[in-house]
Amino acid sequence: MEINGVTIDNTYAEAFPTWVCRVIITAVTRDWARKAATEATGFATSAIGCPCEAGIECDVPASETPDGRPGVAILICTGKKKLKDQVVERVAECVLTAPTTAVFNGITNAEEKIAVKLHFFGDGYEYQKEVGGRKCWAIPVMNGEYVGEEEFGIVKGVAGGNFFVMGENQMAALVGAEVAAEAISHAKGVITSFPGGIVGSGSKVGSLKYKFMHASTNEKYCPTLREKVPDSKVPAGINAIYEIVIDGVDEKSVADAMSVGIKAAVKVPGVKFISAGNFGGTLGPFKIELHKIL
Amino acid sequence: MEINGVTIDNTYAEAFPTWVCRVIITAVTRDWARKAATEATGFATSAIGCPCEAGIECDVPASETPDGRPGVAILICTGKKKLKDQVVERVAECVLTAPTTAVFNGITNAEEKIAVKLHFFGDGYEYQKEVGGRKCWAIPVMNGEYVGEEEFGIVKGVAGGNFFVMGENQMAALVGAEVAAEAISHAKGVITSFPGGIVGSGSKVGSLKYKFMHASTNEKYCPTLREKVPDSKVPAGINAIYEIVIDGVDEKSVADAMSVGIKAAVKVPGVKFISAGNFGGTLGPFKIELHKIL
Amino acid sequence: MEINGVTIDNTYAEAFPTWVCRVIITAVTRDWARKAATEATGFATSAIGCPCEAGIECDVPASETPDGRPGVAILICTGKKKLKDQVVERVAECVLTAPTTAVFNGITNAEEKIAVKLHFFGDGYEYQKEVGGRKCWAIPVMNGEYVGEEEFGIVKGVAGGNFFVMGENQMAALVGAEVAAEAISHAKGVITSFPGGIVGSGSKVGSLKYKFMHASTNEKYCPTLREKVPDSKVPAGINAIYEIVIDGVDEKSVADAMSVGIKAAVKVPGVKFISAGNFGGTLGPFKIELHKIL
Amino acid sequence: MEINGVTIDNTYAEAFPTWVCRVIITAVTRDWARKAATEATGFATSAIGCPCEAGIECDVPASETPDGRPGVAILICTGKKKLKDQVVERVAECVLTAPTTAVFNGITNAEEKIAVKLHFFGDGYEYQKEVGGRKCWAIPVMNGEYVGEEEFGIVKGVAGGNFFVMGENQMAALVGAEVAAEAISHAKGVITSFPGGIVGSGSKVGSLKYKFMHASTNEKYCPTLREKVPDSKVPAGINAIYEIVIDGVDEKSVADAMSVGIKAAVKVPGVKFISAGNFGGTLGPFKIELHKIL
């Protein structure tokens, strides 16, 4: 299959379940909502080495937030056990501390919920308050009052949706991946948790040489090793590969984001090949086939 | 003392020792160096609830980086025991994974060093390489090669330098704090680890009412509680307070940053009072007096 | 009338007709489309002293542009005679010269059209080409090929829609105006042609003292002159006023943008009063009443 | 000559005289100074079709501006006759109108000066005021007071300094040019007036085919025409060319900026060849030789 002259590999992305919490952060300006959201979703690229995977999902127009102020939605994704702690800590350390912020539950119809009890920070001066129909706590703080809901819906989502952007050289592949990540930033229900949404160094589970390593470079996808490893998967003429990794609230959101990202990437001159990563079906229950979603 | 009509409180900021590592991140563009640096320093506002305090110190011109590419310097600050782990994990998860990045030791003359051995990720395909006179490892990855030094100097620095920007209303105080943080972003040897460099909700150690809380709102600095707490420290006419918290490589850097930040803040109309936070000298050995540094 | 405790003056914005051309600029990345759009709409705040009024209307998703690349829509507004020249010059100097750009007609169903014949730049090497169903010219240039449509629809729109954001001090009014401008940036069919969308120095036609001036400060709206001019319109307690000026493709777009902007501004603490500018109906046929649109 | 494996052509950039005015714009925040500066320097890429060439030179730290606020320096370049009008109009329409701005003379030691008399806008309410040792006028406006010097130094500078970044494909050349422009943005005394500092469509004087055209595509530098024009200057293996055009206050500033830009560009993978544009010495008195400045 070809789109715009770019070969689309006949393969699938293998994804696996995760738990997802959606937090809507509002502030007096969109800029401040974004700054708090960026800090709260930092150091959260991959559940392998970070405490969770997190990212900014989208801006929320002031007309759609509970308090009528500019908002930003973030997704925090990890195992069910760790999720509550991660949401509590990230909201407490990175949002409650930031100027003029408030937080609201971003999945109001979820069957399961977690408690994010920050009102104890008020040391007895806190009080309950309704904002936009939401039951919130108001906590007196130095810059006025912090307002927050304390029940957040969580859902079983999908992590590890992915595709590879391969280029005739590094800059073509990089801009291709950038354009894909930008397109995905407009999609709903998903995040790309890596810096700028792009992975430059994909990994395999474990290591052939160093037994103490949980993960190591995926040598079959390294262009400089094409002649050195027997079963390289780097197509002829490809000199750089980037991976876009997508987490989302459900399989459809992840598949739609993959589709919009791939369609954007193939418009970039020098992008030559699109593929996706899987482990032969051993890892996750979700198989998102490239030819089906395009 | 008054500057530009703004009262400068006759008090001091109390700061305490921390260990600091400086990492120089380079990439093909400054934008990518910044993206990796932002992710690597996320979820790192306060050592109380985050694994460390971290932030972007400054851009490094291409002409001054070991590999001649645009660079960004970050500081990671925490106790000596945790520092190595935090540097390893943040570089491994947030920089090595990002497009086109390399990392270099940012304190070459430090007496103490930590090992940041990422080359095992190369699974045997890695090799040693000199870049700009630095002994590095090159690791084959999907987008080409990742390059990194593996010995990083660490120094005993200063955490918790601070000052308060107080305004006649919330927006005056906020813009005053923004202008201060922007001015400090040009200072060398320091970071402001909170989102946008500004704290909207300062805390005190422990809680009067909830014994299980390690920290709670600093009610004496809450404008909405001025009439409700007996010993409020909110001056008359002040309706919002922001705190700028500064970590740095030494006391002079922190004091200089406080000075430049305060001088910038007092130019903003509606900023009325500048003070600083201390615990009566019980917390840290550093007392940075406002009247001395201005 | 009050919204969120802010008084809404019982008055109207007086607006007048203008001619409007909408140009869709695409590029390999959204960043490059934005850079070209910013240059093309610069030096275009007010038709009084600039050759036209122009601004960025909105981002256009790649999936909605004729060539499937990220796009930005700009509006160029001026009298019918000058419009063609302004579009030709601004596209020729600021878009054709920029990396990887293409331009497309943004009002395909307009009854009137202007010719924007840039293909002569190709010096005979240009050729016709269909892109996304549009009849375009491709011109060989240094970075490859520039592609552009050469017929652009123009419509009779509305200029000078406006409202005033008044605050208890300068920073409250400024952030209020910023939030309004940001909200309007998401509205369709409109631009705010001043820097950042905000006017800090409104003018009146002519001058009382200097006969050679076409326009001068609107002293009745100057807070520092409230006690010095007999008929000041600055309400009690107001110390700064900003004006948001809106041009659009029709009256409804302008009225909708005013509504969304005002609703956003009143959320900012310290904003106290909203009004609008008119000349008693002597200037323009459009009277947009604040109480009707809110 | 080769740097980092990139061939540096043995040629020179031909530049010509221009008159230059430097305006320092300050505002309450750097962001607002930048917004005003961006608008004031828009629609000013090339003196051929725009009324002048203009751009942002650099940020000026608050500690170095006359009023102690964040500043941005812009350069406006054109013939001596047109320069005064362009400075007056651009400051009047794009800076005086913007929130919280002030302007100061950026070349205090110039032998020649132009008058920029905006105080008549005050309609008699204006008054003289010293700010940071500068004789200024304060004009009452809606958001408070606008402050400005009214004498600006002008100097005979250099326009048209340039170099070409050539790449094996479009994205390599584009990122190479971006990195060059970013490096030059840190250089003093210069601007790059085109969008993002980069030209994608260089021109030659006049046209071979269309006699009414003042300028047309430089077909000898068009990669898609390499096989079609007899004397193409596109080196083998080059598929895209970008030009960086630099104006500055003197020849040394322009040469230094060219040097720093080229050194940055050659670090980008896929950049293969650097050259420069000249007209055989017929156009301008300045010949800046690439091999001498590197």
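A, B, C and D label the chains in the order they appear, each numbered from 1.
Criterion: a contact is a pair of C-beta atoms (placed from the backbone, for glycine too) under 8 Å apart; a residue touches a chain by one contact, two chains touch by 3 or more.
Note that this is a predicted model, so its numbers are computed, not measured.
Chemist: Taking contact as defined at the start, I'd like the list of chains shared as neighbours by chain A and chain C.
Modeler: Joint contacts, listed by label: B, D.
Chemist: Which of A-C, B-D or C-D has the same interface as A-B, meaning more than half of the contact pairs match by residue number?
Modeler: C-D
Chemist: Rounded to a whole Å, what is the gap between the Cα centroids of chain C and chain D?
Modeler: Spacing between the chain centres: roughly 25 Å.
Chemist: Which whole number of Å gives the spacing of the CA centres of chain B and chain D?
Modeler: 35
Chemist: Averaged over CA atoms, how far is the centre of chain A from the centre of chain D? Could you give it in whole Å?
Modeler: 39
Chemist: Where does chain B touch two or more other chains at once, residue-wise?
Modeler: 28, 144, 170-171, 174-175, 268-269
Chemist: For chain B, which residues count as touching chain A in their complex?
Modeler: 28, 32, 35-36, 38-46, 48-51, 89-90, 92-94, 96-101, 120-125, 139-146, 164, 170-171, 173-174, 177, 194-196, 198-203, 207-210, 212-213, 215-219, 221-225, 228, 239-243
Chemist: Can you check the complex and tell me which residues of chain D touch chain B?
Modeler: Touching chain B from chain D are residues 4, 28-30, 61-63, 67-70, 144, 175, 178-179, 182-183, 186, 260, 263-264, 267-269.
Chemist: Please output the residues of chain A touching chain D within their complex, sorted ascending.
Modeler: Residues 167-172, 174-176, 268-270 of chain A touch chain D in their complex.
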